[in-house]
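Structures given as structure tokens follow.
In what comes next, subunit A is part of two complexes: it sits with subunit B in the first one and with subunit C in the second one.
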Partner chain A sequence: MKDFARRMVGIDRRLIFLLVAVAVLFPLLRPFGLPIKISPEVNAVYDYIEALPERSVFLISFDFDPSSKPELEPQGIALLRHAFRKNLRIIGMTHWLTGTGLADSVFSKVAAEMGKERGKDYVFLGWSPGGGALIISLGQDLYKAFPSDYQKNPTHGMPVLEGVRNLRDVNYMVSLAAGGAGIEMWYVFGKDKYRFEMAGGSTGVIAPGLYPFLRSGQINGLIGGLQGAAEYETLIGQRGTATAGMDAQSATHFVIIVLVILCNVFYFVLRGEKGRSA
Partner chain B sequence: MIFLKRQLPLAITFFMGTAFALQYYIPHPVSEDAITNVSKWMQIISGFALLLGIASLFHVHAVKIQRQVPGWGYSLVLYVAMLGTIAVGFWAHGETKVNGAQTGFGWMYDYTMVPLQGTMFSILAFFIASAAYRAFRARSREASVLLAAAVMVMMGRVPLGQFLAPWTWDVTQWLLNVLNSAVRRAILIGVSMGSVALSLKIILGIERSYLGGGKDQ
Partner chain C sequence: MATETVLGAWVAAGLTLFIYSFLYKDNPLFKLGEHLYVGISVGYSVVLAWHEVFVKQFWTPLSKSVVEAPADPASYVLLIPAVLGLLMLTRFVPQIAWLSRLSFAFVVGFGSGVAIPRTVSSYILKQIEDTVNSLVPTGDGGFSAFMNFALPQSGVNTIILLIGVVSVLFYFFFSVEHTGPGMVTARTGIYFLMIAFGAAFGYTVMSRMSLLIGRFRDLITFSGAEYGYATLVLLFVTVLSLAGWEVGARRKGGEG
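Moving on, here comes the complex of A and B:
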């Protein structure tokens, strides 16, 4: 038994890689289609958007780059579909230079799908440097912060921005964040001073760190990781890549749980062995 | 010279730090104009910081290539990739699309940067699984609690776990909303207090390491 345990503890890691690969691929090829439970924090974002009157101003900041695409792009798509369906005016932007192209293509794709027009129903402002300073600048005067949009069209006089001077005119804001320049920064430099309601969407890794902001009401909702994206897709009734990916994530989590438990059993069998040989 | 190197930067720091800490509480048009202009300056300075970063990256890797230190080939790849991207970017006037058609710059972004970054991040799943297998051990009571909490959250955050053990959902929600929030809040308050203390030290000229120049500063 000890020999087997010793062999298993030192197992070739390529075998673990293979198990993970199978756990990811199999459910993608043969989905289980398990039901998605809705958490109150995701429901809060949905309810807020649902309650906004038509042509309200919704700001969405794509604060991530392609490395977080699998988790945050489905969140962005689901939010845009919901906001377009509600006929909101959408302002998009990003704090991550390397995420600009990605964000623009998400906007173009969803807008085309929903029959919405750039400049009239939505505008993608693109990227500008500064982080917190950019948020302050937007809070003071949107047209000074972004004199033109990503397509180099002047922002002044755009129908989508009618009556919008700065962040105080934004009705709801969501930052989809993969790290530092994101939700926390939007709260500190934006919401706190310019008084708009906001929520966050984040990768699974940083979501637990945002719960204090959620509990204190600094953000009114939180979409966490692929699970959060799948919940939002379920809420809007349009299943996408997040729902499909949740089966793969389920299987991978279970492979890791089984591996960790097995390894602890093997270590238990081998307990004290190292001490005796030393 | 000492005035330019020491006293002037300290005076500017003191003035700007005090003025813009107070500005937050003064909603007068003059104060609002000041923050509008200063935030624009900060954006411009951030833009220059980007140039500084690129210059520094070029310098570090040029030295590695010149001295042929182990792994200098990777530096060469970085040089070729950066110069290639800059050249194609200038050629396409920084546009990813023109009249709906993708430019070379857009192609590089969609077919090199997006898949490369995605690949780098997805590889993590494999390494995390392997590392968890070897390192996630219940060696002590604390480690056992951590292990149990991790297993619970991993189950409660996926549909398969919610299906097999529905109670893990409620336990996960409680762990995230109560225990996790309390600890994170304590850390956040500590970090914020530290930031306030450090900012005050910089404004008052007690902390001067940002001036550079070693101990004589």
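Moving on, here comes the complex of A and C:
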């Protein structure tokens, strides 16, 4: 047993990479269709948007860049589909300069799919420097913070922004964040000061750090990682890339859990061996 | 399908495979992908910053206001932040580097003034407020609501939260020796920390696997006939190149 454990602990790590690759590839080619359970934090975002009256103002901030695309793009697409279906007025923007093109393409794609018109049903403001200072500026006067949208059209007089002066006129806000310049920043400089309801969508890496905000009610919902995106796709009844990836996610998690358990067993079998040989 | 879409698919598939070739070992294909990534990221950021900041936020509004009202001093107000920005560049000239302190003083002063009250309110006061919830069951549900683990504000969760906060804070309180009841409290704090680290690690694994799934999904898409079997062709080229490079390296090693 000890010989086997010793061999296993010293196994070529490329075999583990191969195992993980197979665990990802196989379910993507042959999906199992595992059920997706909806968590209360994702349901809270869905319920809030569902309860908004038509033509309410929904602000969505794509605070990520292409490196987080697999997790956050499906969330953005699902949220936009839901908001367009509810006939909300959507204001889009980003705090991440390198995410501007990606965010604009997501808006254009989903708007075309839902038959919505730029300037009338939605506007993508693009990026502007400042981070927290930009949010404060938006809280004072949206048109000074963004005199023109991403397409260089003047924001003043746009039908989609009718009656909107600043963040106080926003009915709901969701930040899709891959880091600090996202949900927390929107809460600290936005919601806490200008009193609008907000939720967050995040990568899996930063999701645990956002649960204290969720618990305390500082955000009313949280869509975490690919799992959260898949839950939202299930809620709106439009299965997308996140749902398609969940089988692969479950398979890789299973492989990793087995590997962690096996590794611990092998180390347990070999416990003290290093000390004796020394 | 548009030529640029197919070309983009070939570039994306090729660079993904080149980067993943590092899992075999460090090699020239990986280096090529890595250098292209760094260069293109920087180039893309510079171009975007030029258009979105310099042109859109500074040059266009400044030139417009100067043309419309050249005699109005307010037309030139954008020159103030521009000068402050330029002063930051004096860091590169040691003789006048002190001028950059003016800009930094502005940034630090403004940043602190804006951030401190908001941060104290959001990260400290609101979080403390949530830690001191009622321990006794209130409202509908009675004891069952008190014991409901799924309800964030339930009594049992409030007690767990309180124990966690106090024990973790005590663990980081080094002025008192951790012996007797103090040791029990500090140990409890460690267990809470371990659970938090475990949750963070689990989410990190999920996140990284999602990125892998995203790349694999793209690779599968690009392996279709409409993309000219980009993934399959480039996978073959990558494997062949790695094999050639490996054979070359071994021969070189043998000669050496």
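Keep in mind that, in the parts below, the second predicted complex is superposed on the first by the 278 of 278 C-alpha atoms of A that agree within 3 Å, B and C clash if a C-alpha of one lies under 4 Å from a C-alpha of the other, contacts with A are read in each partner's own complex, and residues count from 1 in each chain.
The criterion applied here is as follows: a contact is a pair of C-beta atoms (placed from the backbone, for glycine too) under 8 Å apart; a residue touches a chain by one contact, two chains touch by 3 or more.
Every value quoted in this text rests on a predicted model; they were computed, and no experiment measured them.
J.: Could you tell me if A:K37 is touching subunit B, subunit C, both of them or neither one (first, second, both, neither)?
T.: In the superposition, A:K37 touches subunit B alone.
J.: Tell me which partner A:S128 touches in the superposition: subunit B (first), subunit C (second), both or neither.
T.: After superposing on A, A:S128 lies in contact with both subunit B and subunit C.
J.: In the overlay, answer first, second, both or neither for which of subunit B and subunit C A:I136 touches.
T.: both
J.: Quick one: classify A:R85 as touching subunit B (first), subunit C (second), both or neither.
T.: Neither: A:R85 stays clear of subunit B and subunit C.
J.: A:T98 in the overlay: touching subunit B, subunit C, both, or neither? Say first, second, both or neither.
T.: Both partners, subunit B and subunit C.
J.: Under the stated touch criterion, which partner chain does A:L28 make contact with: subunit B (first), subunit C (second), both, or neither?
T.: The second partner, subunit C, only.
J.: Which partner chains sit in contact with A:I256 here, subunit B, subunit C, both or neither? Use first/second/both/neither.
T.: So A:I256 meets both subunit B and subunit C here.
J.: First (subunit B), second (subunit C), both or neither: which does A:R55 touch?
T.: neither
J.: Applying the touch criterion given at the start, work out whether A:R239 contacts subunit B, subunit C, both or neither, answering first, second, both or neither.
T.: So A:R239 meets neither subunit B nor subunit C here.
J.: Overlap of the subunit B and subunit C footprints on subunit A, residue-wise?
T.: In the superposed arrangement, which is not itself an observed complex, subunit A uses residues 17, 20-21, 24, 67-70, 97-98, 128-129, 133, 136, 193, 204, 208-209, 212, 214-216, 225, 227, 249, 252-253, 256 for both subunit B and subunit C.
J.: Which residues, counting only subunit A, touch subunit B once they are in their complex?
T.: By the definition above, subunit A touches subunit B via 9, 11, 13, 16-17, 19-21, 24, 32, 34-37, 39, 65-70, 97-98, 101-102, 104-105, 128-131, 133-134, 136-137, 140-141, 144-145, 193, 204, 208-209, 211-212, 214-216, 225, 227, 246-247, 249-257, 259-264, 267.
J.: Considering only the defined contacts, which subunit B positions touch subunit A in the complex?
T.: Going by the criterion above, the answer is residues 24, 32, 35-36, 39-40, 42-43, 46-47, 49-50, 96, 106, 109-110, 113-118, 120-122, 125-126, 128-130, 132-134, 136-138, 147, 151, 154-155, 157-163, 169, 173, 176-177, 180-181, 184-185, 188.
J.: Quick one: in the complex, what on subunit C touches subunit A?
T.: 23-24, 41, 44-45, 48-49, 52-53, 56-57, 61, 110, 114-115, 118-119, 121-123, 126-127, 129-130, 150, 152, 161, 196, 199-200, 203-207, 209-217, 220
J.: Given the complex with subunit C, which residues does subunit A contribute to the contact?
T.: Per the stated touch rule, the residues are 14, 17, 20-21, 24-25, 28-29, 40, 67-71, 97-98, 100, 126-129, 132-133, 136, 147-148, 152, 184, 187-189, 192-193, 203-205, 207-209, 212, 214-218, 224-227, 241, 244-245, 248-249, 252-253, 256.
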